[in-house]
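Below you'll find the structure, written out as C-alpha cells, and then a few comments.
When the chains are written out, they are named A, B, C and D in that same order, and each has its own residue count from 1.
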Amino acid sequence: MAKTRKPIRSEMAWSSADRIVVRGKDLPGEILGHFNLGDMAFLELTGRAPSAKESTLFNAMVVTLVEHGLTPSAIAARMTYFGAPEAMQAAVAAGLCGLGSVFVGSTEACARMLVEALPDPKADADLEALAREIVDAHRARKAIVPGIGHPIHKPVDPRVPRLFEIAGDCGFYGAYCRLVEAVQQAAERAAGKPLPLNATGALGALACEMGFDWRVCRGIGVMARAVGLVGHLLEEARAPISAEIWHRTDDEASEDLKPK
Amino acid sequence: MAKTRKPIRSEMAWSSADRIVVRGKDLPGEILGHFNLGDMAFLELTGRAPSAKESTLFNAMVVTLVEHGLTPSAIAARMTYFGAPEAMQAAVAAGLCGLGSVFVGSTEACARMLVEALPDPKADADLEALAREIVDAHRARKAIVPGIGHPIHKPVDPRVPRLFEIAGDCGFYGAYCRLVEAVQQAAERAAGKPLPLNATGALGALACEMGFDWRVCRGIGVMARAVGLVGHLLEEARAPISAEIWHRTDDEASEDLKPK
Amino acid sequence: MAKTRKPIRSEMAWSSADRIVVRGKDLPGEILGHFNLGDMAFLELTGRAPSAKESTLFNAMVVTLVEHGLTPSAIAARMTYFGAPEAMQAAVAAGLCGLGSVFVGSTEACARMLVEALPDPKADADLEALAREIVDAHRARKAIVPGIGHPIHKPVDPRVPRLFEIAGDCGFYGAYCRLVEAVQQAAERAAGKPLPLNATGALGALACEMGFDWRVCRGIGVMARAVGLVGHLLEEARAPISAEIWHRTDDEASEDLKPK
Amino acid sequence: MAKTRKPIRSEMAWSSADRIVVRGKDLPGEILGHFNLGDMAFLELTGRAPSAKESTLFNAMVVTLVEHGLTPSAIAARMTYFGAPEAMQAAVAAGLCGLGSVFVGSTEACARMLVEALPDPKADADLEALAREIVDAHRARKAIVPGIGHPIHKPVDPRVPRLFEIAGDCGFYGAYCRLVEAVQQAAERAAGKPLPLNATGALGALACEMGFDWRVCRGIGVMARAVGLVGHLLEEARAPISAEIWHRTDDEASEDLKPK
C-alpha cells in the first residue's frame, strides 16, 4: 500500500550548535531571566509572551490549582513512590492519571458551557436569561452545573472573590465572569440551598475571558498539579505515610474474609 | 496481627469552610496575586517563600527545562493523545514516565556528584584538585561525567553562560558553579576534545548553590516538562503528527517480514 | 466535620502466615498448576473459575488483543523505555495510557450498543430490524458503528470467522453474534461499500455472549496489551529503534524553522 | 546535519488484507484456540511457542503474581479510577508505575544474583559454597538478599513448595532452584532467625531455569499485575472504597494544622 507521506512539522522549538529557540524566542536571550514559569507556560500554550496583566492573572490561575492537600491524586502518587522511589517521574505520572472528569474536568466543562452559551463576549446578551437557560437545561437532565457547589467551602469558596479581584485589577473581569456569577445565583435559587461558585467555575470563566479554548483548561490543571505532586513526593520522602495507609487499608479490607 | 498505628500527617495544606492554607500561607490572601508559578513551586519544595533573588534564579532554572522540541517524551505523549484524546492528563503522564536516567537524571547525578565532592561549600577546598579527582574517577570506570558534553551544543551550550550570568546577578554564583566549571575543563583536557558544560550540569550546580537536596532536581525537571508537554499536546490537537509517525514506523518496521 | 466512617472491604484476596486465598480459592492448592493466565484473569473479573468452554473462548478473546505491531501505544512505550530503561514498568504504563476511545474503546462501545439493543438475549427479537435501527441511528448522527469497518482487513477481518468458529465450538455463538453480523450487513448495504465486521466488533459480541458487563471490555484490552507491550520492550532492549524514530521526527519537524 | 538513517525493524507482527502474523505464527490459524494467555505471553517474550511443560510452569509463574490484595499499587489504581472513571486504562497504568525496586524488583534481583553466581547451570559447582559467598557478600554491605524473607509468610511462603513441585513435575527443578534453596539456608543460619525463601526468590530461580534473561522478570511481574489491577478496578466500580480512604487520610493528615 503506497501511501503519500504527509509532512511532520512542529513549531515548538528548534536548536543548532549555538542557538535554542522556543516558540520563536531565543531561550537564553529572550526568555531566561525574563519569563517566570507561568509566563513560560503561557508561551507554550499560546505561542506568544503574556502582557504584564495577562502574566499576573494567568500565574494566579495556575497557582490556584497547585496544592489541594491529600487528594486521591496525591495519595496515588505517594503509593507509587513507595514501590518505585527510584522513578519519581512515574510517581508524578501516576498522580496525574486521575485528573479526569471528576476533578480537573469541571473547569473545562464550565468553560465549554460558558463559551457555548455566549460565543461572542462582546454581544449584547441577556446574561440572566442565559444563566436561567443553562441551569434549567442541567436540571432537566439531572446534571450538576459545572463550577457550582462545593462540599466544604460554603457559602463562599474563598478563592473565587480573590481571583475575580485580580481579574478586575488586570482588566479581565468581563461577560464570562458575570455570566458564571449569574449561573451561580440561578442555580442557588433553583436548588433552594446555598450553592457557591467554586474555584473551577471561576477558573473556567477566566479561561474564557483570556480567550483560551476550553480544551486548554485541563492542561492548566495538569501542569499545576504536576508542581504540587512533586511537593508531595518530597514530603513523602522526608516523612512517609504511604506504608501506614497501605497497612490500615489492607488489614481492614480483608478482615472479614479471614477465618477466625 | 495487632499493629500499632502510626499517625498520618502532612504539612502541605489544610482547609476549612472559609480558609485554604498551603504550606502555612493563606492561599487567597498571601499567595494568589503575589506568587508566580515558579514561586509556588519553590514554596512546595521548600516550605517557604523565595526571596526576590531566589525567585529570579529558580524561575530561570525551571523555565530552562520546559521545552526541548520533539523529544522521546513529547513523542510518547503525542502518541498517547492520539489513542485517548479524551484523557489529556494520561498523555502528559505517559510523557513524564520517560524522564528517567537518560534525560532528567543527569541533573541530579551532577548535583549529587558536586555535593558529595564538596559537602561544605564554604570550606577552603582546592576545586581544581577535586575536579581532577572527579574526572579521574569517572574515566577509571569508563563512565560519562554527568553534566558534561552535548551532541549538538558545541563548544558552548548557550544556556550555561546565561544561567550563570543570572546566578551571578542573584548572588548564587559560588563554589559549586566554580567546581562544575573546573570539572568541565578537567574533562575536556583528559578527553582531548571539546566537551562543553551542558545545561543539566549548570542546573545541578545551581541546585547545590540554592541548598536543594540533589533528589529535588528530578522533581524540577518533571514539573518543567509537564508544562512543556501540555504545549505539545495542544499543538498535536491543532496540527496532528502522531498518525504520520505511526504509519511510517509501522510500514517500515514490518516491510521485510511480509511475503513479496 | 465529624464523618461517619464507612467500612473498607475488598473480596479480592487475603493471606495469613501459611495461606494465600484469591477470590475464595487457595492460591497454591487450587490455582497454581490448575489455572492458566487467562483462567486467572477470568477469576479476577468474575469471582469464579471458568468452565472448560469458557476458558477456551476467553483465552482466545484476550489473546486476540495482545499484539498489533508498532501501534502508537507500542511506540509510546518504546520511547519511554529509551529515557528510563531502569523503569520498565513505567514504559508499559505509558503504552497503556493511550488505550482510550480510539483503539480499545470500540470493543466496549460495540458491547454496549448490542446489550442496549437486546437486553435479553433469549427474547424473541427481530435481529435484522434491530440491526437496521442501530445502523440508521448511527447514520443519522453521522457516527461510525462501533466494531464495523477496517482500514486494512477487507473484505473480511481474518480474526472474526476464527473467533466465531471457536465460539460456536464452545456453545457461545448466540443472539449477540447474530445481531452484530446483521449490523455489519445492514451497515454495508447502507454504505454501498465493503464494511467488514472487525475483531473489536466480534469481541464486543462475545463479551455479551459470556455475560460480561460492557465495562469489562476495556479491561480485557488493557490486560492483553500489557502482555504485548512487555514483548515490545524486550525487543526494544535487544534491537532498539526509538532513537532513530526520535531523530528522524525531530529533524524533519523543525527543518523549516531553522535559518538557512 | 546530514545523518545516515538506520533502518527501523521489528519482528513482532505484520498484517496484510487477509493475514495477521505474530512472531511468525498465523494469528487466526495457529494461535487463536491453541494458545492460552500465558502461552501467548511466552511467545511474545521468546519468539517461540512453549512446550507443554514450559506452558504449565510459565502459566503458574505468571499466575502467582496476579493478585496480592490491596497493595500500594492497587490503591494507586483505585484512587486514579475515582478521579477518571472514563479512563480505566490510565488507572491500570498508575498502578503499574509503582512496580519498581521495592516490589517486583526483587524477582529480577534474585535472578540476576543467581545467574551471575552460576553462569553455566550445567557446571559442576559447589552450590553450598556459592550460597555462602552470596550471603556473606550481602551481609558485608548490609544488604537484604533478594528473594529471602517475608513479613507474613513464615516459616514457609506457601507458594514456594507448590511452585517447586510444579517445576519438578515439568523437569525444571534444577541447579538454580537448588542454589536459591542453599542461599535461603545460609541466610537463615547467618541471621539466626527464620528467613523463608519467598515467592519472588522462587520465581527468580525458575526464570533462570527456563533460560530467561533476568530483565524478563520485571516484565512478567508487570503483565501479571496488569491482570490483577483490572480485577481491582472492576471491584472498585461495584463496591468503591477509594473515597473513604481519601477522606480518612486527608482528615487525619491535616488535623493538627487546623486552628482549634
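Heads up, the rule we're going with is that a residue touches a chain if its C-beta (ideal position, glycine included) is under 8 Å from a C-beta of that chain, and two chains touch if they have at least 3 such contacts.
Source: prediction; values computed, not measured.
Trainee: Could you let me know which interface, A-D or B-D, is made of more C-beta pairs in contact?
Mentor: A-D
Trainee: Using each chain's Cα centroid, which is most distant from the centroid of chain A?
Mentor: D
Trainee: Suppose each chain is reduced to the average of its Cα coordinates; what separation in Å results between chain B and chain D?
Mentor: Whole-Å distance between the two chain centres: 31.
Trainee: Could you put a whole-Å number on the gap between the CA centroids of chain C and chain D?
Mentor: Between these chains, centre-to-centre, one finds 23 Å.
Trainee: Centroid from C-alpha atoms only, then distance chain A to chain D, rounded to Å. What do you get?
Mentor: It comes to 37 Å between the two C-alpha centres.
Trainee: Identify all positions of chain A at which a residue touches two or more other chains, and write them in rising order.
Mentor: 1, 7-11, 13-16, 69-70, 84, 86-87, 89-90, 93-94, 97-100, 152, 241, 245, 249, 253-254
Trainee: Going by the contact rule at the top, pick out the chain A residues touching chain B in the complex.
Mentor: 1, 3, 5-20, 22-23, 27-29, 31-33, 35-41, 44-45, 55-56, 59-60, 62-64, 66-70, 74, 87-90, 92-94, 96-100, 104, 152-154, 156, 158-159, 161-163, 165-166, 169, 215-216, 218-224, 226-228, 230-235, 237, 239, 241, 244-245, 247-248, 251
Trainee: Which chain D residues qualify as touching chain A in the complex?
Mentor: 69-73, 75-77, 79-87, 90-91, 93-95, 97-103, 241-243, 245-246, 249-250, 253-254
Trainee: Can you tell me which positions in chain B touch chain D when the two form their complex?
Mentor: Residue list for chain B touching chain D: 1, 7-11, 13-16, 21, 84, 86-87, 89-90, 93-94, 97, 249, 252-254, 256-259.
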